[in-house]
Structure formats: structure tokens, C-alpha cells
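Below is one structure, written out as C-alpha cells; comments come after it.
By letter and in written order, the chains are A, B, C and D; residue numbering begins at 1 in each of them.
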């Protein structure tokens, strides 16, 4: 029994575990504690199994396939195949799912009411199982099956606190949008199946199934279908509603891996499933990616609900991923296999990195919400003293997501930059200008992200608490800190040894059609490098070296500032003469005000200031400042759409207005019409 | 092994040298500015005196501040120092060019900025917040222009690694492509913006509503402040050196021969001085812009950089 | 000879249908229906005579007995019992209705031309009449407000169907025939009961008021 | 007398005993027992068929081929379920003192009678008998619609009867014309109207007469099946009928009517080629799905919601049959099976909810039923997931099969529209279920209600749900065999 046989048994085993877990959870509904233990334990176990399988596949570079179930009734055989690409996503999933599950052990105890523990626990397992099947699916029906299951379970998890109309609305919006997406997928896949006469992905996505306009149509269908899940603008509106509504650990999963399901689809089908991409496809991806990145981070900047903020930043990162993918498609379109490999590697690398730090950030946010009872940044503050560990881990996550060196965010953005520059160097005509523009926009995005997370961390964790809840906050239990520590450590590790990741990705990209990863794409585990058309490499980076240099700088600073016998004097912060308290602190709203004003065109901010004065307006008792940004897409795209549909439906009411005579008239008309149609002698 | 030691030594030397030179640059600019305004201006060594004085003081910190407040200046300082090792100064090779190129440099500086801005929020003083907010805003706006400007020369030389880049430029010999001037102009604006000079920021004022960088570090005193000041000065020098490397590399030593180094040193000093003069002139001939006018300035530099790219490669 | 009789009766039935459209008095309408059914009976009888099929005699007898006499009597009894106002208020005025019915007749006849000439060469006329009657009956159902009048219209439709049955196919299999007529009677009874319940409930037979169930 | 006849006699006897007065327990026992026996007999007949025999009676007037066997089993199953649930339903109402002796008599008499009529439909091979049987179903169900004896129920019954009778008149004309189209080839007497006979004579039938006949018959039986635009009686009738009767209509009658439609469809395909009636079915089916969609979006009443969903499903099946592909036919029959398994669950749970809140109006119920009736609500949500064709339940697979057949076949555009409608439908359903089940309860008596307990009604719903879930992954071999046999019958005919 070789290792691959064991691996082949892996996925079914994991699914069986999940199934058993779900059943057990359902059985233990009455006993919340046990229920929690079983659900999360089982989930960790299953994730461990799938992760192992994924790693085996990546290392061995050989795909594993098998049959999950045969659905006798419809004669459908549900088979799976773990290709290196699937394995990559499975690995990312496992890497996040395990810490999240562990975290949930502590989190659910506080945040989820006892009667609903079973629902959440079961939902979590169903969601993870569905995701695993989505990544491993090798056949249309099983893919759609898992895809739908994923949607439904997520919706259930979002609607857990269904007493609040917000989460009901979020769940519904999510359900509707993903269902429309699924519709596009069904159509697309079935057309492919019809064209190829087969249902299995290898045949379907062999790339020479459809041509001409059909191909374009399919590209659009699949882009819509997967784009909704990936949360790219303008298909994103569900995301900032749904992610915050779910329990934080679930939000972590949604942001970290649920969107990667969409990315997976985009890579598997749009980029590599329909044959060599058209130039315009690549351009479309780059455009959408850039748009999502910029708008995502801009919207994130103005949020004061910490989970909404993170959700918007998820949109931003999805944008970065899609940008890289688009560059890859463009390179493919021009036949630069090596460059394409670099770009795709960049985007896949960012999938991993984003999963890690976004998971970390959401877990941190969860702890904060649990400790303070609010998601409103304006009501937080001073948490670093009250929850030092959570604060530290959150800071690491914030720095990682801001693309600062020594952490993983920098690594993948670095590769993306490389891909963009090389793209400029090796594509003809005006098209090439997209690359430096994309680069510039990426730079802007990164810098804005830095601003955004200075704000997010600084306002919520530093200085004085702005509310009673924040003042009373306590550090979370160890079971919730350990997963965060793990993820934070991974941020650092992935940041210091990006080469290891890139080497793995070289194997993955090699398995994709048309990609020819250069060996010199990786240089050692410590760093990574790209290459140029010339012998000397285009650029390379070894973060560890920089780390060393910074250590030097730190020691020097320490040496320079240390003085014998000089005591540190603690004084109150100067409050401009007045006494300094939480109310005079700089608020999050104020922090993002300059950018709000500068990007007025995007935000279309509305503000109203009302002054409550008794004596004269010059001596106000109280000034109320309200400011809001316009939800452009919701207001101008989705609002009218929904209203239109409902209006049309309302119009149809007259058909069933209750008059029997009308009903009879339908039959009369039908009869007459058909008689006329049949006509006289043939 | 030996060359590892060599690298380390070189790195130490270069960073030490730049650290030593940085305060001088600041004072020189102050002095020239004063002269332009018919003032005496500070003595040439004033910068060093300030630093030693500040380092000599006891450190005074806010009660509300946490370790982040302490870490801020140190990380800022360390990042800037580390950045110096990525840039070729006298020799056509950066000591730590094995670590990475332009992107890493920019990232490192961003790291420093992140640390300082975060720390500024730690005291709870409205000034810290205001400064941090504005500083991050301007940095964010400057970033794309900076990148584009750097891309232009990087693509010209075929590498993002500064060492390779400078060597490449030197091999190509002095080229006077119009795009160079456009890119230079663009990056000069960024230099102004990033180093907090008029017309973007006014290093000399502590008028609460106009200051940006100063507001951010308003709460700092003693050694902490010294580190910040020193690092900022270093950063300015660094940017100037970067411009020098990219646009007027002539004179940089190709090999480690004493003579060549000496020449390079003089050349470098001269070029930096020219830039300093330019900065001084810009400072004394312009009025500080309102914060919301800064984007226009930056967008000009963005336009210049993109134009440079376009006319160079199309 | 037979053909002429058949066509004559069919024409007569069509005329009665038209009269029903034009008629405003409830009782007259019911009597018209009786007449119509009797004509149907004659059609059956004629066929029975011409191809000497005895079961058709039974059909004829049944038709005349049930539809010609029993059902009209039953309906009148219902009306008397619930003693409602005996005017018909149609949705559409008479001339317009007649015009539409003419159109329907044209449609029906046009279709009938597609049929093969049966043994007696009358079948396509019968079909034409039947289809026109069917459509007219349906039209009556659409335009009549009173429950009873709707029932009458429905019965007219049924007559049309039976006209095809006996006129064209010279009768369905006997048992089927019986079952069908039995069912029709049952249906009429049920309808009667329902009408009484409705009237008992709403003090009116105007079914256009039955429009609470919407959407 | 053979098994087949007994299968029809059993419910008749049950009905007869049910009508004559007797102690309640006794009647309940009789009804459940009788229907159980009936179902057993149905299974026995199906077994006989699977054994290779063709059960028949009265000179092939009653004949069981694959299609009949499938429909027979499904209808028997639904009959039993609704009988058991009905007893529970009646008990609840008895407890709340809403039941008069008349109601009891009608209920225990008409329910089995209705079952009888439906079974009668599903086994008749003679088109005339078929028509009579369908008429019987109408007559049997009218007074079930008026059961609650409200103004609205009278209204519903009137509309139901008028449209039904009209449809039947059409169907009769269709039958007559079919008969006429075979003049001279079929001969006289009973056998002349046998479906089998017509199929044999198919090539020689007179085309035009046949076309006309097919059209009328399809419209007629389509009315009973509730295909748009003849569907208008459905929401009213379902909304007013007591839930057990509702199930019989929405599943049993629907299957029966579809059975008739299919018989006609087969004759037409055999004689005129598949295109003609397939086209009609496709058109009507698509129309039904499209008509159902907006009303589900804006629905205000729980039971009417289910009615529209059943219009949608009959539309789906019609599309499946109309696609003119074997896969489509198979998918449609599979859909019929799964629909038969899933629909009762939603009717039962919805009925129990409506009873509990003594209304089926969303506003009056006031949402938040999860708080008030967790078990029933959970079952209802489950069933909603089922009947919207979402995984992991059966209707997902059958819809997939149909969609696939559609995209493989010549009707891409139709399938695309169909798919779009399905999506909107899902969204509508999700919205309605959400506002019924989730959120805080706004029902006035929400606080004072006694806690929910599993009585016979809820229990039946639970059992049905379990059956539906299991069936999604495992259909018993014989049932599969029946579906395949039915497919062969329909496809062989088409």
C-alpha cells in the first residue's frame, strides 16, 4: 500500500469524518458543550487529513483521483481529482480552517447561544466539506452540487443571528447573488458539456471545446459566476454585508477561503479552461482587478465597523489576485509562458498570503468584539494594554496586509510587481502601458492599505479607551490566542522564506497548460527572484537579509539612546491646555477625512452638521456631525435592478385578479389562437 | 566567508557614513535658506549639537502610551538605516544589493513610516492623530508617482536592483533622453513630498494646523525625538542619493580603488549639494500648499513619470 | 337525405346558441338549451336510423330525456327555490357579443374545412357547427355573470362536444357513452348544489362577486 | 377478480365505510387501514408488472404498463401519507372544535374516494374510461375544497369546478376527435378507444383530425394538471382545501393528469411525429414556469405559495417531456418521483404551521415561526430547500438531468430561459421562507402558545421528510426499474 493509495483514500475519509461529525452534532443538539467539542474536533481532524493529502499531491506533483459516490437515481457518478492546483487551494483551506476551528472552540462558547451551537457547528463542517469538494471536483454535477451546498451552508451561517434584520438581509442578498452566479455557472458548464459531450473536467476544460462567440459568451458567464464568489467589484455588494454578519470565526473562513473558491474557478476555467485566453480577457481581468483593489481599499478606509473594514479589504485583495491573474492571461495571450507562470504564481501566492493574514485579522477582530461587545472602531481604543497578545497579533496582521517587508503580504505583492514590469518589457504596442499603470495602481493600493490599517490598529488598540466596553475588555483565553499566534507566525515565516512558497508554486504552475516556469524564478528558500531577458536577473529579494540589517539599526538605536541612570519620566499627554481624555482623541472618521475629501469623486460624501445651541449659535451646547458615503453600486446598479424585478412581478398580479371570467377568457383566447394556428386543410 | 565579512563591513561603513552626513545636510539646507532670507542661519554643526543634546536628555513619555510608542522611532530609525544599505553611494554596488532592489527599498521606507504613524496615535493627543493621518495620506498619494518614476529608469537599465541598475546606466554612458528629465522632475516633487519640505509640508513650523510631520512627532522628546530627527535627515539624504544614482550616475566608482572612491565621494557630495540647493530654492520660492492642493502637485509628478515612461518606450 | 337532416339539426343548434347569446330572459335561455339538446337527440336518432345502430337509439333517448327535459327542469327548480332576479346581466352588450360570436363561427368553420368528408359528407359541417358552438359556449361562460347562466354555457359546450360524438363518429362505444352521460348529470347536480350554497351564502348568484382570492 | 381490481375496490370500500357514521377512532382506523391496504395492493400490482406480467382487467380497459405502474405506486404512496396526515389534521381541528359531523362524513368519505379516482385514472387504458375517471376526481375533490365552508372556499370551489368542467369538455372533444381520426381502422365497441389500439393504428390515423384532437385533449387534461394558462384554479383550490386534500391534488391529481397528457402525447408522437405535441408541451411548460415565477416573488399566502410551486413543477415536467430527448423524459419522470416525495413534506409542514397560527397568511402569521414552532419550521425550511431544487436533494438531480438534456438538445434558448426562471424562483422562495421562518415573531398569541409537540400530523411530516432525504441518495431498485420502464414506455411511444 503506497503513500499515494493512502492519499487517494484521504478525501473520501475526510468527507466521511465531516458527515459523521454533522450527524453527531445534530444528535447532540441539546448539549452545547459536547456538541461544540465534537463539531470542531471533527472539523480539525478532517482538515488535517485533506491538508496532508494536498501536501502529498503538491510534493509528489502527481494528481490523485477517485470516485466519491454514484447517484444511482440520475445515473450520475460523482468523481474527484486533486490536481496540484486543487491541492494548492486545499492546502490554503486547511491552513486556515484548522486554526479557525480551534479558535471557535473558545469563541462559540461566548458568541453562539447554546441552542444554535449545533446549527453553527454542523454548518461549519458542511461549508468546509463543500469547499473541499469544490476544489477537488472533477466533474460538472459534483462541482455544482458542492458549489450550491457551499452557498446554502454559508447563507445559513450568515443568518444565524436571524433576529437582526441586518443579518437576514445580508443572508438573503448573499443567497440571491450567489444563486444568480450559480445560474451562470450551470449554463456555462452545461453548454461546455453539450459541446464536449462529456461531463468530466479534463474533457470539458481541455481548452479546445468551444470557439468563436460561444467562447466569449462562456467567458462572460463564468466570469460572472465565479466573480460573485470572488467578490470582485462590481459583483461585490453581498460581501461587506455577509462577512460581518456571520460569527467572526466564520467570517474569517468566508474572507480567507470562501472567496478563494471564486478565484479557483477563475483560474481553473476562465484562465486555463477555455483555451489560450484572448488579449481582451487579460485586459478585462487586469481592469477589474485594479478597480476592485482601489475601490475596495478606499471603501475599507472609511469604514468604522471593524469587520466591514476587513470585508472591504478582502475585496481589495481579491482585486490584487485577479490583477496578477489578468497579467498572466495577457502574457499567455502573447505566448510568454514563463512570464505567465510568474504572474499566475504571484496571484496564487497572494491567495495563500491573504488567507493567512485575513484569517488572522478576522480572528483578532472576533476577540475584540467578544471582549468589548462592539464592532465600532470609534468606541474602541486602549486595547493593547488590556489584550496585549491579541493586539500584537493584530498588529502583525495589519503590517502583513499593508505589504511591508519581512511579512508575507510584501512577498506576493513583490512578485506581482515583478510580473507587471516584465509584462511591460515583453508585450507589444499600447497594451503594454497597462502594466505600469496597473503597477502604479497597485502601489497606490498598498499605500492606502497601510493608511487603512494604521487607522484600524491605532484607533482600536492604542491610546485611551473610548467606551466602557473597551475599558472593561479582557484578554481572550489561550485556546483563542494560540491559533492567532500560529497565523501570525505563518505571516512572518512566509514573509521571511518566500522562496519556499514560490518553489512550491513552480510545481503547481508547471501543471497548468501553457505555463513554463523558469527555474531561476526561485532563488533559495530565503528569497526569490524573477528574471529578465538579459542574463542578469531582473530583481530578487531576500527579506531575511533586510531583517538582519534592521537588527543592526535597532541595536545602534538602542546603543545611542541608552544612558546610564537616566530615568524615563511618565507625564500626561499634553491636551492643548485642556485636560486630555478619550473625547479629545483623534477619531477614525477624522483620520480618514483627508482621503475622503481627496477621493470625493469616488465617495460622494454627504455630511450634515447640526448645532444645538440655547443662548446663541456662537455658544453651541452640542454639535452633531453625521457623515456618510454614497454606496454607488448598491444605489445605481442593484437597487434599480431589484426594484425593477419586483415592479414587473407586481404588474403580473392582474393575471390572477380573482375574476373567474378572466380565467375562462384565457382558455377561450388560447383555444381560438390554437384553432387559427391549426388553420384549414393542410 | 571573507566576502560576507566584506559585505557586512561595507554595509556598516556606508550606513555609518550616511548617518554621519545626514545632520550636516539638514543644517546646510537650513543655512542656505537663511541666507536667501538674509539671515545668519545656524552654525554648520548645529545639527550634531541638536542631536547630542537630545540624546543627552532624559526621555519623557506619555502615560497613556504603550510599547508601540517606544518602538515607533526605533523601527523608523532602523528601517531607514537598513534602507541605506540598499543604495549605491560611492561604488556602483549597494552593500546589501543581494537583499533586493527598488521595491524592497520603497517597502522598507514604508515600514518605517508605518511604525512612526502608528506610534503617533499612541499618545491619544489629537496632534499625533492629525499628523499620522496627513502623513499617511500624502505618502499614499506619492507612492504611485514614485513607483512610476523608478520603473522608468529601472526599465531603461533592465533591472530593478539598484546596483545592477547603476552599473547598467554607467555602461550605457551618459544618455540625455528627454524622458530622464521628466522622470527626474517627477521624482523631485516626490522627494519634496516625502521629506516634508515646502510646498508640501513645512519643517520649520509648529503651527498646529499646518504641520504634518512635526505634528506626528510632536509628543516625542529626548532620545526618542533624536532618533526621529536623525532618521528623517537620513531619509532625505537617502532620497537625494537615489535621485543621484538614477539620473546622474557619472563619477560613481566602478571598482574599490582609493582614487576612484575619492573622486566618487567628491562627485557624490557635489551632486547632493546641487539637489540641496534645488530643494532650498524650491522651499524659499514657494508658499506652503493647502493639504487639499497637494494631490494636484503629486498628480503632476505622476503625469510626468507616466509621460517619461510613454515617450521612452513607445 | 340523412346529410340534410343532420346539417339542418346542426344549424338549428347553432341558431339556438346564437339566440342564447342574444337572449336576456333566464328561463327562455334554459328552454333554448332544452331545444338545443333535443336537436342533438334528433341527430343521434338520425344516425341510428341511417346506419341501424340500436345503441344510438338509447343515446338519443338519453339525450332527449336528460338534457332536453331533466336538466332544464332541474335548473328551473333551482332558480325557483332560490327565487332570484331573472334577468341576465352580461358584461358585454348584445350586438358586440353577436359580432364576436360571428368571428368565432368563422374560426370554427375554417378549421372544419380540414376534415375528411365522412360517410355522409356532412361531417365537416357538423364539426364546424360544433367548434363554433364550443367557442360560443365558452364565450358565454366568459361574459355571463350569473352562476346558472354559466352552467348553461358550459352545457352548451358539452352539447357541442356531443354533436361531434354522435354526428361525426356515429357514437362512441356504448359503455363510454353511458358513463359520460352519467358523469354529466352528476356534474350538473354538483353544480346545482354548489349554486345553492353560493346563493345561500352571498344572497346572489352573481359569480363576478366571487373575487376575493387574488395574487 | 384480479389484483388490479382489488386495488381500485379497496379505497372505494374505505370511502363507503367512511361515509356511514361510526365512532371517530373506528373511522380513523378504517381510513388509514384502507389506504394502507390500497398502497400495499399498488405495490403488489407494480411487483406483478416488474415480474414481467401486464396486469389488466375488463378486456384491457384497465391495463398497467410501466407508466401506469409508476404513477400507480406514487399515487398510492401519496394517498396513504395524506390519509395518515389527514387523520392527524382532523384531530387537531377536532381539538379546537372546528369539526361538524358533515365535515367528518365528507372527509372520511371523500378522501378515499378521491384516492380511488386518482388510482382509477392511473390504470385506465381506455381513453373514454380515462375521461370518466378524471371527471370523477373533479367531482370527488369539489367538496374537499369547500370543506372549511368559508366564503372563499365556496369561491374557490366554483372556480375549480367551472374551469375543471370546461377542461373536461375540451378533453372529451379531444377524445372524440381521436376516436374520429381512427374511423374505420379501430372498429366499433369498447376496444376502439383503447390507447393500445390507437397506438397500433397510429400510422393510419387521419392527421388533421388527430392534430385537432390532440390539441383539445392536451388543453383539457392540461387544465387538470394546472399548466398555464389553465392553471388559474390552482392557487384558490390549494389555498382553500385542507392540507391533506391539498397534497392529493398537488401530487396525486397532478401525476394523474400528467399521465393523461402523456398518453395523448404518445399517440400524437407515434402518429404525427414527436415535434407536434412536444412543441405544445414545451410551450405550455415554459409558460407555466414563467407564470409561476412572479407570483412566488410577491406571494402573501403560504398555501398559495405551494400552489404556484406546483405549477412551476408541472411546468418543469412538461418541459422535460417536451424536450424531445430520452434524457429529458427520464429526467421528467425522475422529477415526478422526487416531486411526489418532496411535495407532501412542504404541504404537511405548511399545513401544521397554518393550523398552529390558524392562518396561512404571512402577515397574520407574522414571521418568526422558528421561535414558535421549531420542529415544523425546520421541516418546512428543509422541504423548501428540496422543492426549489437545491442540493443535496433529489429534485436538484432531476432538474440537472432535464437542464442537461435541454442544453444538449435543440432547445438551448428555451432551456436558458427556463434556467433563469428557476433562479428567480429560488430567490422568491428564499425570500418568502425567510420572512415566514426567521426574525422575531409578530403573532399576537406568540407568547401564549403552548409548546410544540410532535402529534400525528407533525410526525407524518417528519417521516415524509426522512423518506424524501433518504430517497435523494438512494432510490429502491424496483422504483428505479419502474422509472426506467416508464421512460421506455413514453420514449418508445414518442
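Simple rule for what comes next: a residue touches a chain if its C-beta (ideal position, glycine included) is under 8 Å from a C-beta of that chain, and two chains touch if they have at least 3 such contacts.
No experiment lies behind these values; they were computed from the predicted model shown.
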When A-C is set beside A-D, which has more C-beta pairs in contact? A-D
Taking all protein C-alpha atoms shown, work out their mean, then name the chain whose own C-alpha mean is nearest to it. A
Report back the single chain whose CA centre is most distant from the CA centre of chain C. B
Using mean CA coordinates as chain centres, what's the gap between chain A and chain C in Å? 69
Could you please state the distance in Å, as a whole number, between where the Cα atoms of chain A are centred and where those of chain D are centred? 45
Approximately how many whole Å separate the CA-defined centres of chain C and chain D? 31
Averaging C-alpha coordinates per chain, one finds the centres of chain A and chain B separated by a number of Å equal to 36
Which parts of chain D, given as residue numbers and ranges, touch two or more other chains? 158-159, 162, 166, 208, 212, 235, 295, 298
Chain B touches at least 2 other chains through residues none
Residue numbers of chain A (touch at least two other chains): 653, 656, 660, 664, 667, 671, 678, 681-682
Check the chains against each other and report every pair that touches. A-B, A-C, A-D, C-D
Listed in rising order, the residues of chain B that touch chain A in the complex are 11-12, 15, 55-56, 58-68, 73-75, 77-82, 85-86, 96, 98-104, 106-108, 110-111, 113-114, 117-118, 120-126, 128-130, 132-134, 136-137, 139-148, 151, 154-155, 158-161, 164, 219, 223-224, 226-227, 291-292, 295, 302, 306, 309-310, 313-314
Complex interface listing, chain C residues touching chain D: 111, 114-116, 118, 130, 134, 138, 141, 147, 150, 154, 157-158, 160-161, 164-165, 168-169, 172-176, 179-180, 183, 186-187, 190-191, 194, 197-198, 201-202, 207, 210-213, 215
Of all residues in chain A, those that touch chain B in their complex: 381-382, 384-385, 395, 399, 402-406, 410, 414, 417-418, 421, 424-425, 430, 432-433, 436-437, 439-441, 443-444, 446-448, 450-451, 454-455, 457-459, 462-464, 527, 532-534, 536-543, 545-546, 549-554, 556-558, 560-561, 563, 566-576, 580, 582, 584-587, 590-595, 597-598
For chain A, which residues count as touching chain D in their complex? 69, 71-74, 76, 141, 144-145, 148-149, 152, 159, 162-163, 165, 168, 171-172, 175-176, 179-180, 182-183, 186-187, 190-191, 193-194, 645-646, 648-650, 652-653, 655-656, 660, 662-664, 666-667, 670-671, 674, 678, 681-682
Can you list the residues on chain C that touch chain A in the complex? 91, 104, 107-108, 110-111, 113-114, 131, 134-135, 138-139, 141-143, 145, 207-208, 210-215
